[in-house]
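Following are the structures in question.
Shared between the two complexes below is chain A, which has chain B as its partner in the first and chain C in the second.
Entry: the complex of A and B
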């Protein structure tokens, strides 16, 4: 039994890594722009579709452009739509981004059809260490996720742009008074969040069925991870994502039909014990 | 600071929770009228999901039904006719949309029912509204079993019957089965039917996982299957979920090691997987490249290919056949009254002498042979994935016997 539990925990950590990647862009957009982006799953799906199209056009090297394209689409969406929401009631942003999610799904259906797009990993094979089985591709996904997260953390912590972002999220008025063009920063931030969702979509494409509806499978875990981790908390999202992955894997071992439900049970329990989430801070603007 | 930023800052954790709840609770999609309507035209309802994983199949079901109407010049009884397509976002939402189709759009009959859970709800509404309803996809046994009613007809072979047809091919591979079935009507029906057969044959259930719908990651399930070392995996996961499982099965190096077997799959489920990961033994109702297809089916397949630029999937044929049977019934009875349409459907016959199909009066179930198909060991064509291994039952005369007595199946036609 210990063997299979160990295997399940490793599988859960790898799945959790993907959840972290999906959720972190959502967390950034919410934390820095104050927008609950229902369309995040749509940008995740766009990443997968762009990856397939680019692969068909120019092979694997071109796939790296997919998240960038998603970022560009995200910036365009911010300029045309999201920007109008900053002075609206929170419910309006929920409804509008939900409509945007539906629109992205409908456009993908129109362009590619409803049938799933075949797409396989660039390499196959497994590593077997004792009872632990991990595929080469999943290990690659996990390592790349860690690299992306570290790069993102360093970007937000140590670059001037990152400092403006963090300052703008706490005190946008002061940032504006200092002569910093905050609207452009917000556009770039939304694009960054979408591009990260795009990376997750690219990495998930060889594992998930690539259909216009794949966004639905991404958005709920992302919301759960962000909520459990604590709003705007980078480290919280990482811990929550890995936790949800492991909880899902262990539930599958003992009560498979409850695997999805347990994710929400974990969220409810954690919020009851700690309403701000695991590492949620007290932010004056959110209180 | 702008006002906008200060207002945005009023968002909080509750907004995110509200968002999460909204995503879970809100149904997707809205009614859509596929063709312009004229006052004197005959309207037929199409009730099929427009979003979600099942939409990969419903696209083909709808295409097939639309092509069936097009092949008649978009006319029924010499009058213009149109299909009006509404969504089936959930069982409750589908019931509401069926009511709208009948009471607001004025349709005389409805085609649809992509998922068993929705179809079971829709058939109750069809009875209440007294409108003929031909189910083109759902396979739950109860639809033409204990839930049967006078207004509901169904094309897909019930799960229990498919299980009986398929079981001999599975037992050849061994008697240690691992069940991986979806946690809803279709999956539960499959688990129940095959477990009864396995028990009778003295086999063993070495694993039994009920899988939530839309599960994105199967790695933990695959680890359990790998540890259990079954002779076969008896699948009961629908549409995109099956595709996802097969992709991950291959990714985890399991393709070819344990046979995956499932009934009532769609061609699109396997086309979505791709040639490197596709595998398995399945039942299907129709295959576009089957030499035994009738001339009418071959004509349909050719027209479909010409119109859509790709072969007709089994679901396209199912949409075409149910629509054709309904349109034939309306034309034969020269009436859009429910009683006349029902009589027409009960009298309708299609197919050939070797491969006939017809709705029987006792439960309004379409009797037809099923195919046992296997994914080719090496796939060289974008669409040509299957070898047809058998058509069951072998003799058309055995159809009534194989499908079982309607009353014994629980059907009491009201």
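Entry: the complex of A and C
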């Protein structure tokens, strides 16, 4: 019993790590641009598909190139479309990014077909520590997730761009008044958020089936994680993501049909107790 | 006849019947039109929340989907006819909506949208996984309609009941309840201040939406003869919302045309290609971006009648003779205070804005509250009216402790207030703005009577409009009024609720002299029959009108008594005029920068405004290299607006700005900053989540001062460098803001009220820093205290009514108190 429990918790942490990666990008974009990006799941799926296509062309470097390409696509989307939404009411950005999400999915369906694409993990085999069992690839995913998150945290905390991001999430207009070219910052931020989703997409490709619909499996958990963790809170997203991952994995073990429901129930319960999420602060912009 | 022809329900009915005939003629299955009818009602239900109440439920599908399951389950298990099943579906949806509303209505904005989506996903998961009840992946099949067996019979039933449903919503929109929702959409805070229970209104509209959508969901189950999880899925969560946006959000017929376009396009496109979203998504995106009012908006532009159609445009006819506003005296003992405050304190972080205030307000007297900017007057009002909770102390109204009472209940007890920042209902007519306030008094809960049908109420509205001179503009939309008229409307709304005590926050600000007299007389008259507590900067008028004056300074009550006593109080004179405390010795030592210096900033014919109002008109201004310019003017005269226009955060309508040899009129604010113009904004605007050093570093560019130099300028900051900006005191924040502006290579620094709300010692420190900067960089210092800046300014500009009324030597202005009094209204000395 205990060994199953432990193994599920470990599997949950791996899943949760992926949720964190997707949610962090969503949260950064939301914090600075004020936009709930429904298409974020689409960029996650793009990461997986780009990895498949680039792998055939370039081999393993594709794993690096794919997220970069997703970031570029994200920046292009910001320039062409998302930019139009900044001075509009939230309803318009919900509708437009929602339509964009379905358009990305339709494009993927057109280009790759609706059936799942095979993408096998670069290495197979399992590790066994006492009662805990984990595949080598899952362990690799988890380690890489931690590395990416640490790098991102350091980037936000210690670099000039990170400083601008944190400042801009509170008062973007003032950032502009200090001579910082805000339009370029917004483009780069959207691209960064999408690229992180792309990394998650690449990592998830061997674990989940690569289908156009995989975006749907990513966006709702990401919303839940961001809401539970608290808008714009890095630590909140990490805690909430891991929590949701573990909760999902455990319910899969004991009550498989309730797995996804549990996530929403957890969200409703936490919001009842803490209306701004676990680590959410009062944020004038979104009240 | 024309009334019937223009009635939206006629449109719904005619369009649906017309489509039916067309489909019949083409021999196509009529069920597609049944679906359109169902989606029209679904969309109309969603639009009750989006268009009327101003909430965006992204997952309204939770009601649609659950109701269709409820219907199917009822029909399959315990009900044998479809009418009973529909009734069951509606009742079930009411209940579901009530439960969900209790959980999520406390949140607004995007949180609200995402939470509704989460609930639709919970429903989806349950529908998909609870196979025993819902049939899981396969859904529920085999629902047999007992009475409406044929497609056409069911279609006819659907079209008729959907039309009836639209009619019902149209009635509700015109009833007191529906009218209140529309006011709520425009301004929640104002509604609470009028005595409306905002939560109860939202709750009722959410539950009503649930019921309407529930009926539509029930119809869908009967149409499909089953229920499927599909409609609850992520992809269909926003269907109704997409239709509403496609049709037009603020249009009663938006849901109809949205449903027609959405359903037919989807039907045709999906017949052509599997990737139909590739065509459909761009259509939605284009409509959302280019035509905010959707299909109806496009049609309106073609036919030239642009506007909202959520309710009829008419207002009750203006009576031939409007009776003057009759206000009987309130029932109160003139010897007993109606409102008393004890030990009231409030602090925000380290900033104390109310410090142990004790005050009593008596009825039938005009009691004024004055004090310099940042004294805490509005904070005090916010605590009295219930917007802010005090940290300590108590508030008693008519011998009841109201310290913790919510705002709307205080309003119902008889505490009315006006707002310093305009707080009206921009999308309602002028008449309706007042009527909604009058309606608050009657507390009508009616869902079905025409609110404009109440003749007595309408007459009172006209009387109030006449009292402020707006009776000729009753039919106009509030947003289109000039600024002065909006201010009059603001006061009229406050009068309309017939409160016992009126808290008036700068009711005269932004009014022309003629209107000031009208409103001043009105306030005086009200004070004879009610209790009035007035905040006002027009000191002359306050001294002339008031029975009693209390003076706040830095959150403390420093004087309280008859006007002549207060005006003679030395502490008041010091606080208000700011003289005596500030040591300006040594300032004059630096040589003044005269007219020989090169031009740095030239503003020509600048006109700026917000929405419909004009704040600055044809303004000219010249600043020379290294010059210190005092930009003076009364509150609300447009000083901050000018700075916003100069720094590129507000687009000028006309005129041009030339800075350092290049035109910056249309540049982005970052480009203007890079050209060498920095702003120390009102309220400092530090980044609260960044440390002091980070706040400085973010602005740093080569050519600006270094962090080390910033610490030399403000030694106090060195010890606080690791502290987050949100934990700094007001003075420290101002120092960081000034230092931050210097981190960029600036040739001109704009300072917006740099001394506001600072303790005298800190004022000294900040002023010393500015004096050290003098001559090295040009400065424009916005102030409403001439005395504070004139001693070290080279040049002075005084704004009056959006234009420059004086531009010349600061010394000349400083030496001419009569001129100052005329331009700045600082004539207390004479009045006393």
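Keep in mind that, in the parts below, the second predicted complex is superposed on the first by the 287 of 287 C-alpha atoms of A that agree within 3 Å, B and C clash if a C-alpha of one lies under 4 Å from a C-alpha of the other, contacts with A are read in each partner's own complex, and residues count from 1 in each chain.
Here is the rule we use: a residue touches a chain if its C-beta (ideal position, glycine included) is under 8 Å from a C-beta of that chain, and two chains touch if they have at least 3 such contacts.
Given the structure is predicted, the values throughout are model-derived calculations rather than measurements.
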Inset, instruction - Check chain A with both chain B and chain C modelled on it and let me know: fit or clash. - result: clash
Legend entry - Which partner reaches more residues of chain A (counting touched residues only), chain B or chain C: B
Inset, instruction - For A:86, select first, second, both or neither according to whether it touches chain B, chain C, the two together, or no partner. - result: first
Inset, instruction - Look at A:100 in the shared chain and tell me whether it touches chain B only, chain C only, both, or neither; answer first, second, both or neither. - result: second
Inset, instruction - Applying the touch criterion given at the start, work out whether A:212 contacts chain B, chain C, both or neither, answering first, second, both or neither. - result: first
Inset, instruction - Considering only the touch criterion stated at the top, classify A:138 as touching first (chain B), second (chain C), both, or neither. - result: first
Inset, instruction - Report for A:272: first if it touches chain B alone, second if chain C alone, otherwise both or neither. - result: second
Inset, instruction - Could you look at A:49 and tell me whether it touches chain B, chain C, both or neither (first, second, both, neither)? - result: neither
Inset, instruction - With the two complexes superposed on chain A, say which partner A:181 touches: chain B (first), chain C (second), both, or neither. - result: second
Inset, instruction - Answer with first, second, both or neither: which of chain B and chain C does A:8 touch in the superposed model? - result: first
Legend entry - Partner chain(s) touched by A:117 [first = chain B, second = chain C, both, neither]: first
Legend entry - Segment of chain C that clashes with chain B, given the candidates 24-32, 294-302, 384-392 or 762-770: 24-32
Legend entry - Overlapping contact positions on chain A, where the chain C interface meets the chain B interface: 36, 85, 88, 90-91, 94, 98, 102, 105, 109, 171, 173-174, 176-177, 182, 216, 219-220, 223-224, 227, 257-258, 260-261, 275, 286-287
Legend entry - For the chain B and chain A complex, residues of the former touching the latter: 1-13, 15-20, 22-24, 26, 28-29, 51-53, 55-56, 58-60, 183, 209-212, 214-217, 219-221, 223-224, 226-227, 240-241, 243-244, 247-248, 250-253, 268, 271-277
Inset, instruction - Give every residue of chain C touching chain A within the complex, in rising order. - result: 50, 56, 58, 103-104, 106-111, 113-115, 117-119, 121-122, 125-126, 129-130, 234-235, 238, 241-242, 245, 249, 274-278, 280-282, 284-285, 288-289, 292, 647-649, 668-671, 673-674, 678-679, 681, 685, 687-690, 694-695, 697-699, 701, 740, 744
Legend entry - Residues on chain A engaged by chain C in the complex (per definition of touch): 36, 81, 84-85, 88, 90-92, 94-96, 98-100, 102-103, 105-107, 109-110, 160, 163-164, 166-167, 169-171, 173-183, 216, 219-220, 223-224, 227, 257-258, 260-261, 264-265, 267-268, 271-272, 275, 286-287
Inset, instruction - Please give the residue numbers of chain A that touch chain B in the complex, ascending. - result: 4, 7-8, 11-12, 14-15, 18, 30, 33-36, 38, 85-91, 93-94, 98, 102, 105, 109, 113-121, 124-126, 133, 135, 137-138, 171-174, 176-177, 182, 204, 206-213, 216-221, 223-224, 226-227, 231, 248-249, 252-253, 256-261, 275-277, 280, 285-287
